[in-house]
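Going in written order, the chains are labelled A, B and C, and every chain counts its residues from 1.
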Amino acid sequence: MEQLLQVEGLHKSFGSLDVLMGVDMALERGQKTAIIGPSGCGKSTLLRCINYMEIPTSGHIHLDGELFGEKKANDSFTRMSEKELAVQRAQIGMVFQGFYLWPHLNARDNVAISAIKVRGMSKAAAYELAEDMLEKVHMSHKADEFPERLSGGQQQRVAIARALAQEPKLMLFDEPTSALDPELIGEVLKVIHELADEGRSMVLVTHEIRFARDVADRVIFMGDGVIVEEGPPSEVLENPKNERLRGFLHQIIKPE
Amino acid sequence: MLELLQKIYDLGGPLLLGAVTTVEITVLSFIVALSIGLLFALLKLGAPKPVVWLINVYVEVFRNTPVLAQVFIIYFGLAHTGIQVAAIPAAVIGLGLNGGAILTEIIRAGLAAVHKGQREAALSVGMTPWTSLRFIILPQTWRITLPPMGNYAIALLKDTAVVSAIAAPEIMFYARNLVTSTFDTTFIYILAALLYFALSFPLARMVNHFEQRQRAWQ
Amino acid sequence: MIEFFAVYPENWANWWPQIQTAMLVTVQLTVCSFALAAVVGLLLALGKLSKIRMLRMFCSGYIEVARGVPALAVLFLLYYGLVPTGLVLDAFVAGFIGLGLSAAGYIAEVFRAGIEAVHKGQREAALSVGMTPMKSFRYIILPQAMRIILPPLLNMLIILLKDTSICSLISTPELMLRTKDLAMMSFLPMHLFLLAALMYFLMSWPLSIMTRRIELRMQHGKKSLTP
């Protein structure tokens, strides 16, 4: 079976700063991968390279067998134009740490607008889709509200609905709860858990180790721009082989 | 008292006529300035370097020279080279070009002030840069630029007074004519000042309103 | 094309001395009106922030009127409009007073915004160490407010420089008037007005650059003070 996502030899530098130094990873359909690691290890950068929010310095990405962000002609690769890239990006749903809901649109419009403007759906169909997605994240009752009237947790759930409305092949979560007050984290994690249980393919960058253990079927630990250890949560999180990983987990899980 | 009212009626008439021209020039100039400002601000976002450089030259020149000089060049200067521009068009072109430079910077700053994440979220759902500009960035830019644009509009209204120098039939022009014919200097100029205040007051209230809403949005 | 530029060296000896004198007047007008506007503006800002209701209302009223009436109207009032009452002002004096009182409205708001932006706790801390309100203002509030106030203040200076051209309409012997006279006498309006524009540009542009540089430096400082 073809893998849903293939990342080969990914390097990313910002000027003289090397952030990703050779990352290879693959994701099967329906697989849920969590990426953990200390600040600066490159986990967010890796995630953002997957949908070409950051342009890799070298390396290739394949989504569902198709080359992502680049075109191949004979033996050379050229970057896709913004228009072609936009079409590809529509296949991946991304949820940001800062939510980034559009403040001039209410919740329903935030969710529906991509269906209308990107996929050319009729307003009726788009709104129906939006209502379904808002239902999924338990935010139907706030469909008419504007982001400024919603709490952080509510905004993030609407952001998740917005990504889901793309009916994407893959969901990417970039530290979805890091900017939330502690008491609001639970409602967001609950929604992500439900999505995981549905069998959605996702890559989740997070600090919530316990959550990673519950939701992911594979955990990747990164350090200094490379993958240091990966495997099922039972191995990586319970019996880490790597010294650095052990130190990292010890620091994070300690204040319990 | 009746005398006073009679005076206001007699003198107010021509001044109000002037006010119509004042408003006309203000509105037309604003439209010109807004068109230029929006176009150039967007161009500065993505146009090739030589174009951006040219826009910057335009902005620097028009923001560092007095509008009176600009209007004189268009009205007197061009006439000398054979191109006769009437007073009101000269006023609109001069004020419009001047305002275009100001609005270019205001709108550019507004575009830049929209949080980076907004654009990222738009791109991530598959919008092209152009679509994200149209439906996500620009709508938010208007909110941010409304107060400074409103303040510019008020300044523009006041600036129209200087085009009396090229005989455009606006308030100040009529005021000066009235003075030469009635010699009621003090009263006429006070009346003219009040008229400007009456015109700018609603604009000032609106800007105030927008500024308060802005603060609420933060 | 060349004939166009050839006009300048031909007439330079005649024009330059007159333009130079006029430019000096322009600079003097700018400095005097700015000084007046700054002083009046500061007083207005303090008045608007004061506890005395009458004072607050007066200052607010002044600011609104000053911001809603064109400088030219004020200049005409001062130069022509006061004559019947017996007060005849010289063109220069009418010029800088008119511009200054007009600009004071804008500067007052700049000062007020800067002062309000300084966190209330600063004043409390100053009072708690025993400073009087006046001392706390001088040594604690104003220095911090200046960071916010400086760029828009400098901007007003540039605007005043350009606005001195309006004084030509009440016969103040500054650059614009001198240029217009020369243009009328020599029948070379295009050349002279372009020259005038160039002179204003040369005076104003360095100020613009400096203002922008200062603005950038201010932003690198206390970001928390900016609204």
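Convention: a contact is a pair of C-beta atoms (placed from the backbone, for glycine too) under 8 Å apart; a residue touches a chain by one contact, two chains touch by 3 or more.
Given the structure is predicted, the values throughout are model-derived calculations rather than measurements.
**Student:** Per the definition of touch at the top, where is the C-beta contact count highest among chain pairs?
**Tutor:** Highest contact count belongs to chains B-C.
**Student:** If you average the CA coordinates per chain, which chain's centre is most distant from that of chain B?
**Tutor:** A
**Student:** If you average the C-alpha positions per chain, which one ends up nearest the average over all of them?
**Tutor:** Of all chains shown, the one whose C-alpha centre lies nearest the global C-alpha mean is B.
**Student:** Can you compute the centre-to-centre distance for chain A and chain C, using the mean CA position of each chain? Integer Å is fine.
**Tutor:** Inter-chain centre distance comes to 54 Å.
**Student:** Centroid from C-alpha atoms only, then distance chain A to chain B, rounded to Å. What do you get?
**Tutor:** 46
**Student:** Measuring from the mean C-alpha position of chain B to the mean C-alpha position of chain C, what distance in angstrom results?
**Tutor:** 19
**Student:** Could you say which residues in chain A touch two or more other chains, in rising order?
**Tutor:** Chain A, residues with two or more chain partners: not present.
**Student:** Looking at the complex, which residues from chain B come into contact with chain A?
**Tutor:** So the residues of chain B in touch with chain A come to 115, 117-118, 120-129, 131, 135-136, 139-140, 143, 217.
**Student:** Could you please specify the touching residues of chain C with respect to chain B in the complex?
**Tutor:** 64-65, 67-74, 76-77, 80-85, 158, 162-166, 168-169, 176, 180, 183, 187-190, 193-194, 196-197, 200-201, 204-205, 208, 227
**Student:** So in the complex, the part of chain A that touches chain B is made up of which residues?
**Tutor:** Contacts found on chain A: 51, 53, 82-83, 86-94, 96, 98, 100-104, 113-114, 117-119, 148, 159, 162-163, 165-166.
**Student:** Flag every residue of chain B that touches chain C in the complex, lowest number first.
**Tutor:** Listed in rising order, the residues of chain B that touch chain C are 60-61, 63-70, 72-73, 76-81, 154, 158-162, 164-165, 172, 175-176, 179, 185-186, 188-190, 192-193, 196-197, 200-201, 204, 215, 218.
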